[in-house]
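Naming follows writing order (A, B and C), and every chain is counted from residue 1.
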Amino acid sequence: MGQFIQQLINGLTLGAVYGLIALGYTMVYGIIGMINFAHGDIYMVSAIISVTALTLMSALGISAVPLVLALVLIIAIAFTSVYGWAVERTAYRPLRNASRLAPLISAIGMSIFLQNMVQVTQGARVKPVPTLMPGGIELFTHAGFSVHLAYTQIMICVVTVVLMVAFTGLITRTSFGRQQRACEQDRTMASLLGIDVDKTISYTFMLGAALAAVAGVMVTVYYGVVDFSIGFVAGIKAFTAAVLGGVGSLPGAMLGGVLIGLIESYWSAYLSPEYKDVATFVILILVLMFRPSGLLGRPEVEKV
Amino acid sequence: MSAHAVQQSSGMLLADRLKDAVRIGVVALLLGIPMLGLTTADQGAGLQVLTRWPLLAQFVGVVFFGRLSLQWLVSHFHLRKLQRQRVAAKTAVAQERPWLKWLGALALAIAVGLPIAFSGNRYVIDTATTVLIYVMLGWGLNVVVGLAGLLDLGYVAFYAVGAYSYGLLSTLFGWGFWETLPVAGGMAALFGVLLGWPTLRLRGDYLAIVTLGFGEIIRIILVNWTDFSGGPNGINSIPRPGFFGLEFKPPGDTPTFASFFHLEYSANHRVVFLYYLILMLALLTNVFVSRLRRLPVGMAWEAVREDELACKALGINVTGVKLSAYAIGAMLGGFAGVFFAARQGFISPESFVFSESATILAIVVLGGRGSQLGVVFAALLLVVLPELGRDFSDYRMLLFGAAMVLIMVWRPGGLVARREPTIQIETPAVQGATT
Amino acid sequence: MKAALKKSVVIAGFGLLGMLSAPAWADYSVGIAGPMTGEYASAGAQIRAGAEMAVADINAKGGVLGQKIKLEIGDDACDPKQAVSVANAMVNKHIVFMHGHWCSSSTIPASDIYNDAQIPMATVSTNPKVTERGLKNIFRIMGRDDQQGGVGGGFLAEHFGSKKIAVVDDKSAYGKGLADEMAKGMQAKGAKPVLRESITAGEKDYSGLITKLKAAGIEVVAYGGYHTEVALILRQAQQAGLKLTIMGGDTMSNNEIVTAAGGDNANNVLFTFAPDSRLEPGAADVVKRFRDKKVEPDGYVLYAYAAMQLFQQAAEKAKSVKYADLDKAIANGSFNTVVGTLSFDAKGDLKVPAFRVYQWKGNKYEYFK
């Protein structure tokens, strides 16, 4: 019982992080229909930036946790979204009208580039930061097993929920959100209606990068150890989450992230951790066999 | 989009160009601050922030002036010419065919003559062998991606199936290279069908993640099922293929390749032999695939690629067509895997990671989907580029990634773009009338 | 289009020409190889720092047999295929001695090529298979996983025999081999591991493992793998209110573990490693010069230095750098290096592979007391 609850907490935390990264995948997919393989590396860039920012804070003597967190988030979001913009501008925009595979390969190249750029400029060594919010709450003890809830876990879940609400508001209530959704449905029509499609796509990339930036900060604070190679695994997991939930669907991305987090944590606690990725992929394949557009995805309309 | 292009091509004023360069410079500054300007290093007690402002200033300067001169060059000389060329190239593809054929023949001649020209240079021949492995893999994947239009991000799984088939059959049961080849190909084809079956209903990007997952599943099983595959230790001491039963080893009791032909023993014999072996396998693959393209099944692949719905309406068995593409692509990957295991003498799951699938896919796309010759150039580029970069050490993969993006942006259709069906009915006038 | 194709052909042609151009080799070239890029790049950096310093020192003292030595650096990124490519490139550069590779899975296929080309090599790869294949050209200047694991496992049985111990590995060739040997070493001394688990290296979240350990009441973990994962496990265990002692292998000597584990968690890490040569009086001078250059000579730095010393001394002894002479000199000789005296048995393994148990104390490791 204790173990079950503990893994529920751990799985939700992990899933929240996957979900945040998956949102970026799903938004980009929705608007230009491409898999942005470099997205995981954008998240890595943000994690590295947040390490620098955190270290800078402690050097400047800022120690109030909420203030540090807010500042680091702002810095990471600001710089990472510039990266998101630059990646789109250099690697994807020139390929807007090319075949679907061209941007995919360009994205793989970009991913290799970003990873090695960080390795060259920031070094290959892992970057550890001291625990920002040590400790947690001991919820209860059942049969000799004490269930812990770390403060950072609470923070991750709260931040994720707040972001989801704000984000849904942005997409459904604001004029940018309307433009974004219009471009998603029909780019040509949207441009005929006077929407600046290029700009909307740029903003979408920046927004996706900003969400990845939040995930990067959360991971840096939660796990405390970051290096230039973390983007790949996280990217694949988030991509899986996005597809499981249905690419293009925002709640789907979050749902997919949480599901994968839970699958992983329960599988590794009760069954064999070494096969947990196999379990994730098998479940993905099974879901797609019965629902080819993912859990919450719109079925693709075949245009004749 | 078009307004933007017009503005650029009509030549900008100096002020505009300066403004543009300043904008790009600011972006470079923002990109540079967290990566170049600041860094953290561990100096005993935890991380400390270090600054490198001169480096950042240099970077921004280079970007600013680079952009300025690029704009100047583009607007003054190139852009119009390039645009005209591009349009011309698009319409002239068909006439350039014979030229391509000559190039193919030239490439073949170079490939055959290479070990003679570079005899004794192990590194060149070995690198060329690697190129040919990728050429073969590229041609195999081309069946799936280029011809049938199915995205496959897990191609490395079939490569692994082939390699492990040979590794296990030869070390456990003493099978030879040639006996294993068809069996391993068959195994890989079987896996191809196994993968193809659940993905039939999926399209595009859903297919991408499922195939990626399949590749990962195979790799994870290889890592974890130690009793079967040797786990992370892999398989050691895989026998190397001999020349019609003559082995490549120093003179001993049994006749060896060197003693049979009265040559002085040299380790290079085997390298050259392996090179010609993969060249032969690759050429056979090429002939095989080119033949298939002209058979009904090959035409059906291309038809499904162009319009799946129409194929269904015409009564083509889309399921069978897709599965056959998977099976044949997988079989060719399996052959390449057998050769890989025979050449390395050691295989472990580390050789079959996702980035390998990505490289093979990149070869197909960079080469121009469906183009056999394009695959050769792309494989050459993607293998030789990192090798040349060995002298750049740390910057090697950085430059490789940048090159991949640049080539794709420069030629979105691939080096040798060829998208039209292999066989066309030559009635353009009627076609024009109907649409 | 035509122009473009031509261009790519020309580029490729130049590429091949570039590879052809043989380097002039008046000096003796020696090679080092390891993961200079990729996930384990920090180990590659250590090897490089050590070898560069050694080559500079040897050249400053007049080189080897009157010739300067020149260092060739190869990057295999711990990928077996690239390792083969690096090995062939090294053969082409006519190196006379090789130090590398680092990952066992790179060393194994690469050593076949050095053997073909008759180049002696000294490696720090610890997987037993490296020297078990009957190759005459390979010498291991570090102990083997089975010896190391035996020492670690025996130590656990003696000191922590009464506690619940789990054996965990990261499914790498190195990690699994080491963990298996630790388990054997424990059982030989009558302690039985309670749990046997594996994790996937390169991930961040090990909470599933922690929960399992906690539920089973584990206090001590015998871990086969790299330091990065240990740091994460310790951090997450602390957050889950689990106090763990971890026993690892030579890779735990990387000082990244201290800050990465957070707080003073690293003090709970014990590991086996060759006797600390930084504490040897003979190495004091070299250690000081590394520290002057802001390089902490831990991990593989001094081993790379020692490998170069091994080459220099063997060549002086054999009065030649020809394979037959050099190989014989290394196989039969005994060499004084910064990591102690090296001499090899018939397989090419160290005759006296000493392993000591260390414990992290603050940001230094010390012999376990």
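One rule holds for everything that comes next: contacts are C-beta pairs under 8 Å (C-beta built on N, C-alpha and C of every residue); 3 or more make two chains touch, one makes a residue touch a chain.
The UniProt protein names, listed by chain, are A, B = Branched-chain amino acid ABC transporter permease; C = Branched chain amino acid ABC transporter substrate-binding protein.
It should be emphasised that the depicted structure is a prediction, and the values quoted were computed from it without experimental measurement.
Counting C-beta pairs in contact, the chain pair with the largest number is A-B. A simple rule picks the central chain: find each chain's mean C-alpha point, then take the one closest to the mean of all protein C-alpha atoms, which gives B.
Centroids of chain B and chain C (each the mean of its C-alpha atoms) stand 32 Å apart. Per-chain CA centroids place chain A at a distance of 35 Å from chain C. Chain A and chain B have Cα centroids separated by 29 Å. Those residues of chain B in touch with two or more other chains are numbered 42, 46-47, 223-224, 394, 397. Chain contacts: chain A has residues 116, 119, 125, 128, 130, 274, 277 touching two or more partner chains.
Each of residues 37, 171, 198, 256, 259 in chain C touches at least two other chains.
Chain A meets chain C in the complex at residues 2-3, 6-7, 10, 14, 116, 119, 124-126, 128, 130-131, 134, 136, 138, 144-146, 148, 150, 152, 219, 223-225, 227, 229-230, 233-234, 264-269, 272-274, 276-277.
Within the complex, the chain B residues that touch chain C are 42, 44-47, 85, 89, 92-93, 96, 99-100, 103, 118, 121-124, 126-127, 130, 223-224, 226, 231-234, 236-237, 267, 344-348, 350-351, 377, 380-381, 384-385, 387-388, 390, 393-394, 396-397, 411, 415-417.
Residues of chain A that touch chain B in their complex: 29, 33, 35, 45, 48-49, 51-52, 55-56, 59, 79, 82-83, 85-86, 90-91, 94-96, 98-106, 108-123, 125, 127-130, 197-198, 236, 239-240, 243, 247, 274-275, 277-278, 280-282, 284-285, 288-289, 292-294, 300, 302, 304. The touching residues of chain C, when paired with chain A in their complex, are 37-39, 41-42, 44-45, 171, 197-200, 202-205, 207-209, 211-212, 214-215, 217, 228, 231-232, 235-236, 239-241, 256, 259-263. Contacts from chain B toward chain A in the complex involve residues 1, 4, 27, 30-31, 33-36, 38-42, 46-49, 145, 151, 198-199, 201-206, 208-210, 212-214, 216-217, 220-221, 223-224, 309, 354, 358, 361-362, 365-366, 369, 394-395, 397-398, 400-405, 408-409, 412-413, 419.
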